[in-house]
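The following pair of complexes shares a single chain, chain A, combined with chain B in the former and chain C in the latter.
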Partner chain A sequence: MNNSYKEITEDLQKTVELVFKEEEFEQLLAYSFGEFSGLIEPVIIKEKRDFESKKIVFTEDAYPMLSKYLLKNRDIRQAVVAKPCDTRAIAFYISENIIDRDNLIIIGINGCPGIKENTACDECDTKNPVIADYFVGEPLDESEFAKEIEEIEYLLSDETAEKRKKHYSEEFSRCTQCYACRDACPVCYCDHCFVESNQPIWLEDGSDPEEDMVFHLMRTMHMPGRCVNCGACEMACPEGIEMRSLTSHLYHQARRYFDYRPGLKIDQLSLFSDYNEEDPEPGFLQQEGD
Partner chain B sequence: MRVKKLNSAELIGLLEELFKEYRIIAPFKVEQGRLTRVLYREIRSKTEIPSVYLKELPETTPKNFILPRDERLGDERNSDNLDFNQDKAKLFFGVRSCDLAAIDLFDDVFLEDDYQDPFYESRRNNNLFIGYGNQNLPPNNFQKELEIEYFDHRLAPLYLYEDIDARGRDHYYLMIKTDSDLPDQIKEYINNLEEGKIDKLEKLLSDWENKFANETSFEIKNKLPFPEGQVFAEVDWDKPTVSCIGCGVCTYYCPTCFCFDFFWEDRTKSRAWDSCMFSLFTEHASGHNPREEQHQRWRQRLLHKFSYHPQNFEGKPGCVGCGRCIYKCPVNLDIRKVINEVDNTLTEGGQASAER
Partner chain C sequence: MAANEKEEFEPKIIAYLCNWCSYAAADLAGSSRLQYPTNIRAVRIPCTGRLNPLMIIKTLKKGADGILVSGCHPGDCHYIDGNYYARRRFIMLKELLEYSGVESERLNFTWCSAAEGRRFANVVTQVVDRVKSVGPWEGYLDQESIKKLEQETGNPGSTIVGSEGGVVDEQFL
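Up next, the complex of A and B:
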């Protein structure tokens, strides 16, 4: 059984108090309710005197990825409340050597009950933290969430190329080029993204369906072996664009062909450094069943 | 001023009459991807009229039709390219007072004596607005703090009120401030509606206002404009804005954000919305960026709305308090929290301007 949000919140408040007592760190990343809006928002607590454990919460709306905020201050010691998908992003950061394990105090959420309306949670294969220093909630038995690759279904997973193209063309026609999907993604952290590059220019100014397709496909191309399938991209999209199945497809394909899932261990090689001669070579444009 | 009472069928009848004379832009509830949203759309056929959905504040605003996201401005050598399909006047139906105030603000900026924007003007010409209000305060709304009335605006000669709990002819009230610009058959349709009592409507509206007053605890303590130099230098901008991911959604859905960028497609000049929340907004060709950090971009956005704009336009704020930036934000960053930080800094500094 998944833990309830209430149980997790109660446990979390106690654990965070303990962390404040026992650990030395410069800031804590957590969720709280907005003072005026009542909506859940990420908070970064720097001073102990600003801290009230009762304000720290975990709810079904806690979709922003706190792991992403770790990257803003890589050089200081930070404590973070981490959903299991956050812990995978964190493990991925450590495996990529972009953040130091000793600078992190990870408060991992066991038996994550998932996030409302996030379709990634339906495919979730990590409901306990893969790495944590403190745990809240009861762990789930792996048999309850581990999925065989054959059991996994996702949007358009069995559709023809034409139907997929039609779906994405329609969806991307609403894209406003805010790039919130990129900004919310925990594993999008290039110092200089191709979107902002003006030498060369990858994306022209103005709205244009082809440019929107270029952006989304280029983003997707950067994702195999990185995407931890958390669904943050789709949750962040203000236009409700269903784009997650692109990256999700690559996530499942990497698992199918190479038994590879990013962010499961901190000493994992990246998908592309992990070549061996026995690897299948499914080919770039191979269709299912070829 | 007159008041008429309508039931749903009579409202549809009114819209059908209006549809003969105007291009009507009205809110609809639509399914898009994983979201159910309320958006302004142009009514394409009479059969769509019963689906007009008024109860909730639409995510988009008339801005999308008056200052479109992406607009071709015409050939470099031929500036007479102002053909925007103006065969019929445009009617914006069901617009809240905060969104009407935003159009007023756009007029200040784009139709100012010294700088008249012909492209804006050509879309803004020949517009009619019918206002709307009901007993539900839209989420995160703080327009009253910016001195915008809930249930009236001078841009709308007609105003529709929906009493969601009432039935029959008590469901809608139409306030007619003036009908002199309306075509005759519409005047006639309105005249044939049942007469309502002005004092009864006023009582209803004041009840709704009292209800709203209990629903919002936010207040702006200092007078606008915020003192630019002091606020720029003394506020800890990083503290309230630290969760910002820099996507610019707040500015795209904002009814008052109007910044745009020019670019060329062959010889055609175009403009598209831009956003001060993007790093490229201020990046120089040299690579130097005077607003390197996200909190500096937030400082610009807040100061533009609450300091620079009121300085330039007789104290009027550059924000209408509609609340869209708050609930559309992917991390729910609340602009009221940032205003509060400014307020507190000014008050702590002992230099707070006169209490409102």
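Up next, the complex of A and C:
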């Protein structure tokens, strides 16, 4: 059974108090209710008295990925409340040497009950933290969420190519190229992003609907070996575009071809920084006598 | 008329060829007087590992009917392991593009050493046949569903040459 939000919140508050007692750090990233909006927002707590005035919670609306907020202050020692998908993103940061492990205190949430309206949570395959210093809640038994390669099902995986082309044409025609999907993504961290690059120009100006599709294809092409399948891109989209099926497809195909899933270990090379001489060659052209 | 047009369709195929093998193979095919179709436009790259997958996405956006990427056989790379990296990238790119509706016949990847002039000629013939079998490339978007949308909203900011744009607000006339 998943832990309930209430259990996690209670345990979380106790654990954070313990962390304040035991550890030294400069700031803590957590979820709390917004001062004016009353909605769940990420909060940065720098001192103990701030912690007493802000109520740290975990609810079904806690969709922002706090791991993304770590990137802004890589040099200072930070504590973070991390969902299991956040811990995978953090493990990816450490494996890519983006953040030093010693600068992090990770408070991992065990048995994550998922986020409301996030379709990624339906196909989640890590409900316990990958790495953490402190744990919140009871760990889930692995048999309850681990999925074999054969039993993977995801959005649109059974549709025909024509239907998918139509689906994506209609979905991406609403895209305004606001890049919220990129900004929300915990594993998009380049200082110089291809969408703003003008040497070379990958994306052209104007409102050609095909350019929107090209943007999404190019963004997705950066994702295999990085995407931890958290669904933050889709949650951030103001137009409600269903785009996660593209990254999800590559996530599962990378697992099928190369047995590779990002963010499971802190010492693994990323998919495209590594190779195996025995890699498969599906669909490569063959000639007689090869 | 339509059947006639299909017969006359000559695809434009961009071939990214590795400087150290396939480009030399194309050269060898030429100097050995081997015949192959003229539909390919060769682009010389230092190694298939240099090929950014975004370049292939952009090539199709710019109107190429098909892609051919040819590099050294696994283990023979001039830069030791460039083609191993390229292979992984290409598998994922192929998965992505096929998933979003690009026919697999347009995306071709093969190995060709500098001594395989005849193989290169055969590969080009094979690729041209494959691309001809799926017809001209209409772009990443499904044309029918886009027409439906343009009737509703138009595309006032269109930067496509020759496009009239869509809805024009009368106050600006």
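By definition in this document, the second predicted complex is superposed on the first by the 279 of 290 C-alpha atoms of A that agree within 3 Å, B and C clash if a C-alpha of one lies under 4 Å from a C-alpha of the other, contacts with A are read in each partner's own complex, and residues count from 1 in each chain.
The rule is simple: contacts are C-beta pairs under 8 Å (C-beta built on N, C-alpha and C of every residue); 3 or more make two chains touch, one makes a residue touch a chain.
In this text, all values refer to a predicted model and were calculated from it rather than measured experimentally.
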{"item": "First (chain B), second (chain C), both or neither touched by A:Arg164", "value": "second"}
{"item": "Partner chain(s) touched by A:Phe258 [first = chain B, second = chain C, both, neither]", "value": "second"}
{"item": "Which of chain B and chain C A:Cys237 touches, first, second, both or neither", "value": "first"}
{"item": "Chain B versus chain C as contact partner of A:Ser173, first or second or both or neither", "value": "second"}
{"item": "Touching partner for A:Met221 - first (chain B), second (chain C), both, neither", "value": "second"}
{"item": "Touched partner set for A:Asp205, first chain B, second chain C, both or neither", "value": "both"}
{"item": "First, second, both or neither for A:Pro282, with chain B first and chain C second", "value": "second"}
{"item": "Common interface positions of chain A, toward chain B and toward chain C", "value": "204-207"}
{"item": "Residue ranges of chain A touching chain C (in the complex, touch as defined)", "value": "161-162, 164-166, 168-170, 172-173, 194, 202, 204-211, 213-214, 217-218, 220-221, 224, 246, 249-250, 253-254, 257-258, 271-272, 275-277, 279-287"}
{"item": "Residues of chain C defined as touching chain A within the complex", "value": "53-54, 57-58, 61, 74-75, 81, 84-85, 87-89, 91-101, 103-104, 107-111, 119, 122-123, 126-127, 139-142, 144-146, 149, 155-160"}
{"item": "Contacting residues of chain A [partner chain B, same complex]", "value": "34-37, 39-44, 64, 68-69, 72, 117, 119, 171, 174, 176, 178-180, 183-184, 196, 198, 204-207, 234-242"}
{"item": "Residues of chain B defined as touching chain A within the complex", "value": "32-35, 37, 69-70, 139-140, 216-218, 242-243, 245-249, 252-253, 261, 263, 265, 270, 272, 275, 279-280, 326-328, 330-334, 336-337, 340"}
